[in-house]
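Here it is, the structure, as structure tokens.
Naming follows writing order (A, B, C, D, E and F), and every chain is counted from residue 1.
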Amino acid sequence: MRPSGRNLSECRPISIETGVTKHAEGSCLIKVGDTHVLCTATIEDRAPSFLKGTGLGWVTAEYGMLPRATNSRTRREAAAGKQSGRTQEIQRLIGRALRAGVDRSALGERQIVIDCDVIQADGGTRCASITGGWVALRLAVNKLLKSGLIASDPLLDHVAAISCGIYAGQPVCDLDYAEDSEAGTDGNFIMTGAGKLIEVQMSAEGATFSRDEMTRLLDLAEAGVAQLVTAQKAALA
Amino acid sequence: MRPSGRNLSECRPISIETGVTKHAEGSCLIKVGDTHVLCTATIEDRAPSFLKGTGLGWVTAEYGMLPRATNSRTRREAAAGKQSGRTQEIQRLIGRALRAGVDRSALGERQIVIDCDVIQADGGTRCASITGGWVALRLAVNKLLKSGLIASDPLLDHVAAISCGIYAGQPVCDLDYAEDSEAGTDGNFIMTGAGKLIEVQMSAEGATFSRDEMTRLLDLAEAGVAQLVTAQKAALA
Amino acid sequence: MRPSGRNLSECRPISIETGVTKHAEGSCLIKVGDTHVLCTATIEDRAPSFLKGTGLGWVTAEYGMLPRATNSRTRREAAAGKQSGRTQEIQRLIGRALRAGVDRSALGERQIVIDCDVIQADGGTRCASITGGWVALRLAVNKLLKSGLIASDPLLDHVAAISCGIYAGQPVCDLDYAEDSEAGTDGNFIMTGAGKLIEVQMSAEGATFSRDEMTRLLDLAEAGVAQLVTAQKAALA
Amino acid sequence: MRPSGRNLSECRPISIETGVTKHAEGSCLIKVGDTHVLCTATIEDRAPSFLKGTGLGWVTAEYGMLPRATNSRTRREAAAGKQSGRTQEIQRLIGRALRAGVDRSALGERQIVIDCDVIQADGGTRCASITGGWVALRLAVNKLLKSGLIASDPLLDHVAAISCGIYAGQPVCDLDYAEDSEAGTDGNFIMTGAGKLIEVQMSAEGATFSRDEMTRLLDLAEAGVAQLVTAQKAALA
Amino acid sequence: MRPSGRNLSECRPISIETGVTKHAEGSCLIKVGDTHVLCTATIEDRAPSFLKGTGLGWVTAEYGMLPRATNSRTRREAAAGKQSGRTQEIQRLIGRALRAGVDRSALGERQIVIDCDVIQADGGTRCASITGGWVALRLAVNKLLKSGLIASDPLLDHVAAISCGIYAGQPVCDLDYAEDSEAGTDGNFIMTGAGKLIEVQMSAEGATFSRDEMTRLLDLAEAGVAQLVTAQKAALA
Amino acid sequence: MRPSGRNLSECRPISIETGVTKHAEGSCLIKVGDTHVLCTATIEDRAPSFLKGTGLGWVTAEYGMLPRATNSRTRREAAAGKQSGRTQEIQRLIGRALRAGVDRSALGERQIVIDCDVIQADGGTRCASITGGWVALRLAVNKLLKSGLIASDPLLDHVAAISCGIYAGQPVCDLDYAEDSEAGTDGNFIMTGAGKLIEVQMSAEGATFSRDEMTRLLDLAEAGVAQLVTAQKAALA
């Protein structure tokens, strides 16, 4: 029934390659099916000014798509002179999600910037950005720990994200673009390695949904995130 | 336990006054406690260009805050030269929520723009904008029906929204600013008059949450939205 | 002869309600006929940097219109990405007018920002903003005096403004939108409570005017401003 | 008493050189003392879209200052990314003033753009722009008449402008920068060749002014504009 | 003598991988040493409006750098709200260079957009963009030829580019970042497969250069471009 | 053969008038045929922040064109809200060229800003800006030397620029607009008084060029720059 022939609960193949750029403090190229995102982590000595003197650190994210990551070319945001509302919404989400897994006191007054740039898009780019962004963050934090700049690990748990939705009347996991553009309801579930919820975003444009459907989507998300966390661990091993 | 002395499931007083500006096709001033939002509906003859020839209409929203709607003055976005990411995220949410309750085919190829301007803010401005925005939309659609420009009612059901969150370890309903700025987890629930879900947005910055907590928040939201729908009906009666 | 049936020298009904928002240091909602403007005053601890070390304070103003304050919807300036030339011209005028009534040395090195947001427009919004803005300024200054932060009253006199013009060949007072859009010559007179002139702006697009007409417009303005000052006093009593 | 040693009613020397650029349909370099403005007129085949089908033409103006036209360098507006509020206010004034002397029906559905670029500034640049801009406009209209594109002269009369103000307690004419920056009250008077008023802008920042002072300033302006009109005629002879 | 230990005339290793994204009509990832650029070609049905009715096509380019392509993070241009002067200069150069190798009449009234996004930077990104951009262009044109949309090949010859400069007093070929940032004179040579010149840009900030040095740099460039053209041919074979 | 009737190696008449504005530390109006550029130099006490503590100075340039400097009116960049890519490229070139002739250590930690504003354009505006800009720079530096603010002359040699290109198959010198818009290859040569090269920019849009043609263009440029340097000397004598 799914355009890709997958089972309702079947995720796309996941690959995470680390150390893909020589400059960044942490980096990976995450591929979730045909969605490919390059994630880099940059450590900055200073936290944003609103944290001055608090002893707390910050993690933030920026998101971009190469113009031809998509089926038809998308206008370059730098040329358009601003980031779209969609881009801003996504990068706020990525930053918020990653911060939820960080002990900002242990990080100290510094900032880590996660850049997520979509090389090729086929649905689920914000979820792949979070899952890959966490790997880049982990690598950068490892560098801080190894150098002795911080004493204890500020990362509380893995953070990963998956999209789920109702496609052709059925709850399905890890929507690709063909499903995403047709789904009546879809959303994103961001969870920790231990299965706790960080963010739930379910949204209906075409049709409303029931609490029962919500429950079934949460079940799918739990199973999907578990697979992503396994892939994160393998990539970092 | 709540700063306002309210019970965990107690909403703030709701007031919706209609017909507050002489120019708009529909308007109301919604007050949810000390949060006051002026909502107007403008009917435009044409739908956006991407709908040309489809026979479908569109509902969109814009959101703004007067500079001194807040405790300390917020910089005017027109002076800053752009809408913040937060503003864009909110107005995209309002538009998406209202569209979920519209039969766009029955609306025909026209657009209704809902402007939500916050006169005074005390938490929950986006939810009040949705609840009040729907009333303005209802009034504008009534005008279209009365004039004979459309034949059947494109509004499928009421749409209303409420924020819920975990404050001081307890699930609470309709957070005010004092609670909102302290809550470990909070979010917005947008529902129809019949209790179906349109959008769920739960987000944790400080602490993750469990599926059990999610269930209790959904219970609170259902009860809260029911009260808002009752207030909408009373205002329109 | 006037669309509203008013006499040539008759102003519209004036209402000024103070204390309309809980956050601002001073606020009022001024209604001049169907023109409604919300004015708030914000006290800031610091004067602009060009005044550093001078001991002088500053009063400035910002002006905005809600998109549907007008008969057909006006594009939101925050969405357009800039304030129009008209907006900038108006807010520069409001600030200049209010400063003319302030002893900036008595105010000390602080700034008061007056925000004037037009809720509903029917001509004369800049004049209503000045008249209402002065009331908000007065209330904020009262707070400073009461708190002991300043010792002597920096407000030298009332400041109020009225539009006058030549409509259908006749000098008339307090033009509404129907008159404003047809007047050959119109302009604004800003005066003190004692009847001294602060600013005169008379402008002809369609037809030039004579010194004699100028004199008759000044006579109308004097009488009109006197009524506005009476309304300011009543609102503050 | 005046820094320049001029009498209270004495204007600065005026020079208007026409035909200073080879491309423009009309051009002049106007020098009022040390204030030098290059004015060009461009004829465009089409009127702005809001005039389509009306048979009416339009005259508009743009104003700029070279960065080092001033005593200390002013930031280039193109580099700053926007025209200041002051610039917009000035160019709106120039356009409005020139249009007041035009029979837009006789001009037909075309637009004339007047560019006023200040090469060197010493006070009164907006007035010099209007006086010189009218000469450029006259020359461009002459070209239209000569080519037969229009049948009757759309220029109703000369338009010229002068600044007057109260300097050191005395009404003075044609303020230079040294006076302008010290004047308690100053403003601009725009008049026709026949002495009719087009625009009056008197503004007090430091001190208010009386109706009697207003009368004396109008007297000075009348005499000053008469001299400017004489200079315009000489330049065009 | 060179930081990399290369001979004066030795280029860095070149690798060009084609078909790296599934959406673009042509694509490659070019690696010149540690400089990695992703190049994609997009075919658009329409030429820019200034070519309407001429029968001529257009090739244009856009250039970007991922924020962490560089040693320290560079601010994202989309977030900054504009493309830097450097970016605009580079993308104008790429477009101009590629167009010089195109028979725009044979291309017909369509546009091909070349996007060059730097994944990792180590000097010479604009040259790598031109060399890789031509491969993406070649692949897209092949698609047009194969589909029968165009009848004859619009590509006249290969186009490739190399930087040369005077480093530590010696002319060297293909500067990496360590050399680029120290070179007294450097520049770019863009040539065809047949060795004709398309563009020469030599620039001295620190020290001027002689005609004799210019001749030696041209010799180096000729040899370097020949190697790049060989690599292009191999990648396309 | 040339539209102007000039010989292949014949430059246009050159005139350089110094001291044309009363405010700038150095200024000239340079006329190269019908291309007229006003160049001013502004001395600023501080160098850009990236030079703080280095003891080095900076020279930078900004370039602009009056809207009607061109045959048809060009949109004002301040109104458009940004400088075009062309403008940025030109002003970066002017700054780079002038800096190549400066001993920045002798200049000390200050900045000189060269503003080049095109009053009338007929091809070669960037070259005229460099040649005239150097004269303004020379005058400003003379003022620094005379005042004793700097001890030794930071200007190493004259800097001047000329365009050359291949027009109708023949190498020609100092292209005017009629030639520039038709030339298959053209470019700019920036040289010192001693004939050393600072920058070479040759570019082919329509047709490629050979090394032999490059040599002949360099010969033309050498002769042309020598004439410009003679004119600079005469103007400064």
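Here is the rule we use: contacts are C-beta pairs under 8 Å (C-beta built on N, C-alpha and C of every residue); 3 or more make two chains touch, one makes a residue touch a chain.
In UniProt terms, the chains line up like this: A, B, C, D, E, F = Ribonuclease PH.
None of the values given here were measured: they were computed from a predicted structure.
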Hopping along touching chains only, can you work out the least number of steps from chain A (Ribonuclease PH) to chain D (Ribonuclease PH)? 3
Over-half contact-pair match to D-F, picked out of the listed pairs E-F, B-C or A-B: B-C
Rotation angle superposing chain D (Ribonuclease PH) onto its copy chain E (Ribonuclease PH) by C-alpha atoms, nearest 5 degrees: 120
Using only Cα atoms to place each chain's centre, name the chain farthest from chain C (Ribonuclease PH). E
Between chain A (Ribonuclease PH) and chain C (Ribonuclease PH), what is the gap in Å from one C-alpha centre to the other? 51
Centroid distance [mean C-alpha coordinates] between chain D (Ribonuclease PH) and chain C (Ribonuclease PH), Å: 28
Chain C (Ribonuclease PH) touches at least 2 other chains through residues 81-82
Reading around the ring from chain A (Ribonuclease PH) and passing chain E (Ribonuclease PH) first, what chain order results? A, E, F, D, C, B
Within the complex, chain F (Ribonuclease PH) is touched by chain E (Ribonuclease PH) residues 82-83, 85-86, 88-89, 91-92, 96, 99-100, 187, 192, 196-206, 208-211, 214, 218
Chain B (Ribonuclease PH) partner, complex, touching residues on chain C (Ribonuclease PH) are 21-24, 27, 34, 38, 40, 42, 44, 62, 64, 66-71, 73, 76-83, 87, 113, 115, 117, 119-120
